[in-house]
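Below, subunit A partners subunit B and then partners subunit C, in two separate complexes.
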Partner chain A sequence: MLLSSLLLIPFVGSLVVLLWPGGPSPQRLRLVTILILVAQLLVSLGAIALFDPTAPGMQLQELHAWVPGIGLDYALGIDGLSLPLVLINAALTLVSAVITRDIDKRPRIYFAMLLLISGAVNGAFLAENLLLFFLFYELELIPLWLLISVWGGANRAYAATKFLIFTAVSGMLILGAFLGLSLLTGTVDFSLTPVLSDRLTIGGQLLLLIPLLIGFGIKIPLVPLHNWLPDAHTQASTPLSVLLAGVLLKLGTYGLLRFGLQLFPEAWARIAPALAIWAAFSVLYGSLAAIGQTDMKRMVAFSSVGHMGYVLLAAAAGTPVALLGAVFQMVSHGLISALLFLLVGIVYRKTGTRDLQVLHGLLNPEKGLPLTGSLMIVAVMASAGLPGMAGFISEFLVFRGSIGVFPLATLLSMVGSGLTAVYFLLLVNRAFFGRLAITPPSGDAQVDGRLDVRLSPVALRETLPAIALAAGVVLLGLWPASLGHLSEAATTAMGLTIGGVA
Partner chain B sequence: MPVISADLVHVEPSLSCDELQRRLLSGQTLLAESSDHLLEVVGVLESYGEVLDAYSLNLIYQAEHQFLNPVPVFKYLDGDLSPAKIWRHLNHDRINFEYAEYCQKAMFWHGTGGLDAYLDGEAFAANCQAIIAAKRRRDPLLALLNPLFPGFLPELIRSAATTHALGQFWRVMSDLFLDLARAERSGQVSTIAHVVDFIKDGLVAAAANPITYGVTIAGQHHWVLPPEAGLTFLVDVAVPYVEAVFLRGMPFLGTVSFNAQAQQISPDQAQFAYGALYADPLPSMGAGIPPSLLLQDMYRHLPEPLHQWYRQRTRGEGDVRVKICMSFQKSMFCVTNAAINGTMPHPLSTTDPQQQAANAAYALAWAGRLAAGRTDCLAA
Partner chain C sequence: MQSLSEALPLPLQFTWLIPIYGFSGMLLSLPWATGWIKRNGPRPAAYLNLLVTLLAVLHGSLVIRDVLAIGPQHLDFVWFNAADLTLRLGFDLSLTNLAALELVTTMSLVCQVYALGYLDKEWSLARFYALVGFFEGAMSGVVLSSNLFLSYFLLEMLTLSTYLLVGFWYAQPLVVTAARDAFLTKRVGDVLLLMGVVALAAWTGSLEYNDLYDWASENASTGAIAPLAGTLLGLGLIAGPIGKCAQFPMHLWLDEAMEGPNPASILRNSVVVTCGAVVLMKLMPVVAPLSPLATQVLLVVGSISAIGGALVALAQVDLKRAFSYSTTSYLGLVFIAIALQRPGLALLLLLAHGLARALQFMGVGSIIATTNCQDLSELGGIGTRMPATLLAFVVGGAGVVGLFPLGTFWCFALMLNTLLPASPLLATVFLLTNALTAANVVRVVRSVFGGSPTPKCRRTPECNWLMALPMVSLTVLVLLLPWIMQRFDPVPGIGSFPLPVALGVAGSAAAGVVVGSLLPQDQFWSRATTPWLRLLQDLLAYDFYTPEIYRRTIVALVASLARITLWVDRILIKGLVDGLGRLSLVTAEGLKLTVSGQLQSYVLTVIAALLLLLGSLQWLRGA
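And now, the complex of A and B:
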């Protein structure tokens, strides 16, 4: 019942917000949403107490037949792979609600959609049935599309439509693969049982795995399927970007591990070398594209493309260490990218621009955004993989676990890691160092040197969510055993499965 | 409502050289008349006066009681070595005397005016040798250092002489600025023109004050800057101080880096324009920018009406030091204005064309230098 409550709380909460009597103010709706999300976070934390980290398989399972004729069961379970993601979903949705301020249109629908997404994402992470996963995977699309198209930036219609088309194709490919499984095996078994050669030929497995890879590759996103992401991020509001980068992209990597690697271990082992090269390509392309960006948000979005490539590399390598690294990377990227988007959002809200050719000197201690800038430095250091922060431990595990299996792809990905330092140092150097400026340079240094920039200060309450995320990033970096303890048994078992068939 | 960057950026027009010259020759103040300006200038000069009082006492203490002390660990304590004072010092509940030293170094390094000429003269060298001879008999470290590095101790004495001279200069200025605040409260000063006149009168009154400095070694008095050197307040200390601190300064601005090898900094010190009148108020409180220390000191002594005025603007207490710096720049333009008026070759009311031409040339020379400064702060 605990896992069901992780769905019930946000879904019922969504209805409560929608049907709240009278005309509640946006502040009241926000408070109600925050309370619901705090409850969800507490229950998610409660799952840790009941979770046995030494057991590799699914736990706290719930199984009810729903539509037996088509193989759709209400089957929920949690393991060391999904538990961290459920936690990060609860935490980051809460952060998104907390940082939602000045919502000017339809706050009721906004907060209801936020809760709906959180519930759907929980459902996708907890589903033990392929069709149930697909239902939840699709369920988050419409609210997300609405959140971009209604509460997005100036070019939101374009970005929302692009997002919808890409992710709808992703959904179709995944559903096609799931239904194809039924068709090729001649059964209506949509459980998470690995599909091996005794059930399906290797050709058949590859035929199903490839659409899954493309489907989840769009969601992650992997180059060249990433095209929707920078636009979606650029147009999305800050809370949505936090959710998109921190949680929703993880649906792709989670799907890859759960329904690619775990469901088709033989086929996965067969195409793993190609996946490793694809990962390295994605990492390098994402990093190089990030270097070329002048919009802070697009730069962070492209960094996401690069960093999610590490998860594919780890999944391709399939060693226990690499898979543990993949889980770490999902969590640390969730925290770090959420932090980065949150801070970019503060900069944008205060200065009205994200243009790196315009912004300068925001670290100015009295007239700039010094705390925001300091947290940004923490975030970019973590993203670049500096020791003591979450990014280091995840990248180290991924590279350590992959280099023995795919040395070339790993080395190329390590170059990508170095490039992270390049583009984020460019960002920090341009936007935060030098003389404070938020308007394009006039060409006359003396004139620019006399501009009096009057930014409003960042209140501590605006920065608190970022401080909490930064603390999480450092905590995970200094105490990686906290997460490793939860996931190690599951990832080791997963690694042995792939190792056994390879 | 979306934030439009341009709405957050304010810029005031800078004044041209011609306009500055016109204001100087017409007797108009450089700083525009306004009640806000009066509040800012008088208030900030009052807090500056309080700080200068402490700076002055400490510089004179250092020059007289830490003279040729090779390890002046307690030089900022003014001779009070009580545990409470040491604790307050370590806890940074104190005036930043480092800023006073920074100004002394700027004066010493730029070295203009009669004081510097005297420090390079033979009379001074002879005084130095007598002082060193007296001192080395009691100090084995100095006895060792002097023969090894013969230029070292005279240089320290030159530095001490500048320190003492600056202490004497600030003694006068501190009293003048505190008197100004009292005069404003009593209603004698109610406009910026009054402020400039008050400062000018104070400078003129002190102009001929002798600048002397002597030290006592083993009960015997030695002159470093003897009365017969004829050094006076205005031309030998005030003018070099204005040149070094207001105008030339040092090229460490905090947010801008210069490539000295590419001659982004002029090899000619006389061309430097990094002083208080050219400074960008923005980098306040950044690491390693000495004026920040002055702003911090002034913040501790800010008069309540001015503090209240700052609180009501932009970030309130958050950017108060930047605001102090902006007000300080306005008040320094007033002091410069007073100094120029006080040293004008002829009265402004003269009808003699030759005298008028001399005044015009003098005003033009100043206007040319000031035009590159932060004249944007002068608008109402």
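And now, the complex of A and C:
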């Protein structure tokens, strides 16, 4: 029942928000949403207590036949791979509800959609049935599309449509692969049983795995399927970006691990070398493209492209350490990119721009945003993989697990990690160091010198979510065993499966 | 070892606290650094940091006392354990490590007292102390570490804190580029080092230095590791220390880092570079058997840095930079000693250099604080009006140069004694560096104190006592150094070399002094008028045009790659996506016109499609 309540709380909550009697103020709705999400977080934390970290398989399972004719069961389960992601989902949805402050239109629908997304994501992470996963995977799409196209920036229609088309294609490919599985094996068994060559020839497995790869590759996103992401991020509001980068991208990597590696271990081992090269390419491409960006949000978005590539690298290598690294990377990327987007959002709200050619000296102690700037330094350093923060241990595990299998791809990915330092340092140096300015230089030094910029101070309650996320990043970086012991059994078992067939 | 820990004396059991003291100093400063406490100014943060640093020094000396009594110890904790990977935090409590620890903590303490005077009216004093605490914690961990993973972990923290300390006055444009370059240069070295660490972790399973030594000698004898892999590994491992110690070609950052506050420069030039060298020293037994090429590279890099740094220092007109290039130069010499597997000598050299260099920078800070100027062409004629500072300059300079009877003299002579039979070329490097450095020291001292007072130096009282006290104490320490070295000497006797060697070292220093005092000095014509001399002077003053070389090579490479990627992203990928979208819109517009609107045709289409679908299903089932 615990897992079902993880779905019920947000879905019922979404209805509650929609049907709240009278004309509640946006603040009231926000408070209700926050309370619902706190409940969700508490139940997710409760799952840790009931979860047995030493057992590798699915736990707390629930199984009810739903539409047996087409093989759709209501089958839920949680393991060391999905538990951290469920936690991240609960935490980051809460963060994005907390940082939603100035909602100008239709707050009721906004908060309902937020809860709907969170519930659908939970469902996707918990589903033990392929069709059930697909249902939730698609269910998250519509509210997200609405959130971008109604509450987005100036160019939101373009970005939202692009997002919708890309993700719909991704969904079609995934559904196609799932149905194809039934077609090729001649059964309607959509449970999570590994498909081995005794059930399906290797050619058939590859035929199904490749559409899955492309489908999830769009969601992750991998280059060259990433084109929807920067636009979606730049047009989405800050809370949505936090959710998109922190949680929704993980659906792609989770899908790869669960329905690629775990479902088709033999075919996966066959194409792993190509995947490793693809991962390295994605990492380098994302990092190099980030260097060239002038919009802070676009830069962070491209850094996401680069950093999600590490997960693919680890999945391709498939060793126990690498897979544990993949879980770490998903969690730490969730925390760090959420933090980055949140801080960029604060800068945007206070200055009205995200242009790196315009912003300077925001670290100014009296007139600028010193605390935001300090947190930004923490965030970019964590993203660049500085030890003591979450990014380092994740990358270390990924690299350590992969270098023995794919040395070249790993070394290239490490270059990408070095490039992260380049673009994020450029960001901090341009926007936060130097003399405070939030308008383009006029060309006359004297005129610029007389400008007295004074940004309105950032209230503590605005930075509190960022401080909490930063604390999480540091905590995970200093005490990785906390996450490690939750996931180790599951990832080790997964690694042994793939190692067994390779 | 864990089972023994019950029997260990308390100070030893809690040695892991020593790095924590520094880090806790950072945390303690936060309320003032972030402005939560505004009422009483930032001074309490400084006092708290001084207190925890003092604790670190005292704790360190207790540990030394115990280690002297019961011998070297090893402390070890499991930090992270998963699958076949175990990451440990290990501390090696040997006398050399502890001596280095005491050097680090003592220098940190001295610098913090000094900073109280130097940064007297600095509004963000608390932030400075927070960063210094972070710095000190990372450094004391590095010198104690018995484990490559921990060393790497802390070296990266040093990179971060260097970045933040150099960027302390972040509103100034030069500081911005300096901080950026410091971080990126070190980061390049760190990433290469990380590649080595990751490869070693995958190959050996343990990152304890002792296990690595066994593994390396075993593999070198059996040839289990391919020569190419071994060479690459060796090069990766030495890249980190090369960046950290500002060696050619990653030396530029140290010079630019002089834009940071002077007390941080003291630490950076004396103990931070020492940390990099200590890590290299610990890595050398891994590198040497696997990769002869890496050893050769170290020798070449060391020699180029030693002579190049000394030459470039001669042409600097900035007081701080004149000495910072000299640091690069001396660390080059240390690199040579390490590459030749002379760790004892390298440590002595580091100790002698660290103390004397710190003293030099304290003197520099005193001049800057009093005159608000660090341009050599505007300084001059201070004479004996700042006696403590003058003494610091002279003693510090003499301590750095192999001038009898101060510390470096003995190190140089010992080094020369071991070098001469095998490689006279390297011996020449030492002597030449010594002579050039001596000339530079004399040039700077003459320029600051000699001649008639310049406008900026007319009113120059001695610096305040918070700066003077550490400076004078350090002067005494530098003077006493030969005696200390004799007591702690890991090499048999600091005077174990023949007289001609001693004469050689002293002679090279004397030659340098003579050249330095004969160099013409003209405040107005600090740039030479003779064309060829001018060319040479520019070449050296602009550091062999290294910034330009960086810009034309690595920076240009990354920038153009980024531009190409951006072009591909904007034109190819986005173009393709948008094109597809437009195409579908256009075809839809076209198709719209082909539809008749008659109901019959729609029904026909639906039926045809259904038939097709059912037929294909039937066929697939049959197949």
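Basically, the second predicted complex is superposed on the first by the 502 of 502 C-alpha atoms of A that agree within 3 Å, B and C clash if a C-alpha of one lies under 4 Å from a C-alpha of the other, contacts with A are read in each partner's own complex, and residues count from 1 in each chain.
By definition in this document, contacts are C-beta pairs under 8 Å (C-beta built on N, C-alpha and C of every residue); 3 or more make two chains touch, one makes a residue touch a chain.
These figures come from a predicted structure and were not determined experimentally.
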- Among the partners subunit B and subunit C, which is in contact with a greater number of residues of subunit A? C
- Is A:24 in contact with subunit B, with subunit C, with both, or with neither (first, second, both, neither)? neither
- Message: Per the contact definition in the header, classify A:377: touching subunit B only (first), subunit C only (second), both, or neither.
- Response: second
- Message: Which partner chains sit in contact with A:434 here, subunit B, subunit C, both or neither? Use first/second/both/neither.
- Response: both
- Partner chain(s) touched by A:194 [first = subunit B, second = subunit C, both, neither]: neither
- Query: Touching A:415 in the superposition: subunit B (first), subunit C (second), both, neither?
  - Reply: second
- May I ask you to decide whether A:292 touches subunit B, subunit C, both, or neither, giving the answer as first, second, both or neither? second
- Message: Taking the superposition on A as described, I'd like to know which of subunit B and subunit C A:364 touches: first, second, both or neither.
- Response: both
- Looking at the overlay, what does A:353 touch: subunit B (first), subunit C (second), both, or neither? first
- Query: Just subunit B (first), just subunit C (second), both, or neither: which does A:457 touch?
  - Reply: first
- So which positions on subunit A get touched by both subunit B and subunit C? 361, 364-365, 433-436
- Residues of subunit B that touch subunit A when the two form their complex: 2-12, 14, 255-256, 280, 282-286, 314-315, 318-322, 372, 374, 376
- Item | Interface residues, subunit C side, partner subunit A - complex | 34-35, 79-85, 123-124, 152-154, 156-157, 159-160, 164, 167, 170-171, 173, 175-177, 179-180, 183-184, 187-188, 191, 194-195, 198-199, 201-203, 558-559, 561-566, 569, 573-574, 577, 581, 620
- Task: Enumerate the contact residues on subunit A facing subunit B in the complex.
- Result: 349-353, 358, 361, 364-367, 433-436, 438-439, 446-447, 449-457
- subunit C-touching residues of subunit A, taken from the complex the two chains share: 161-162, 165, 183, 224, 226-227, 285, 288-289, 291-293, 319-321, 324, 361, 363-365, 370-371, 374, 377, 381, 384, 386-388, 392-393, 396-397, 399-401, 403-404, 407, 410-411, 414-415, 417-419, 421-422, 425-426, 429, 432-436, 480-481, 484, 488, 491-492, 495
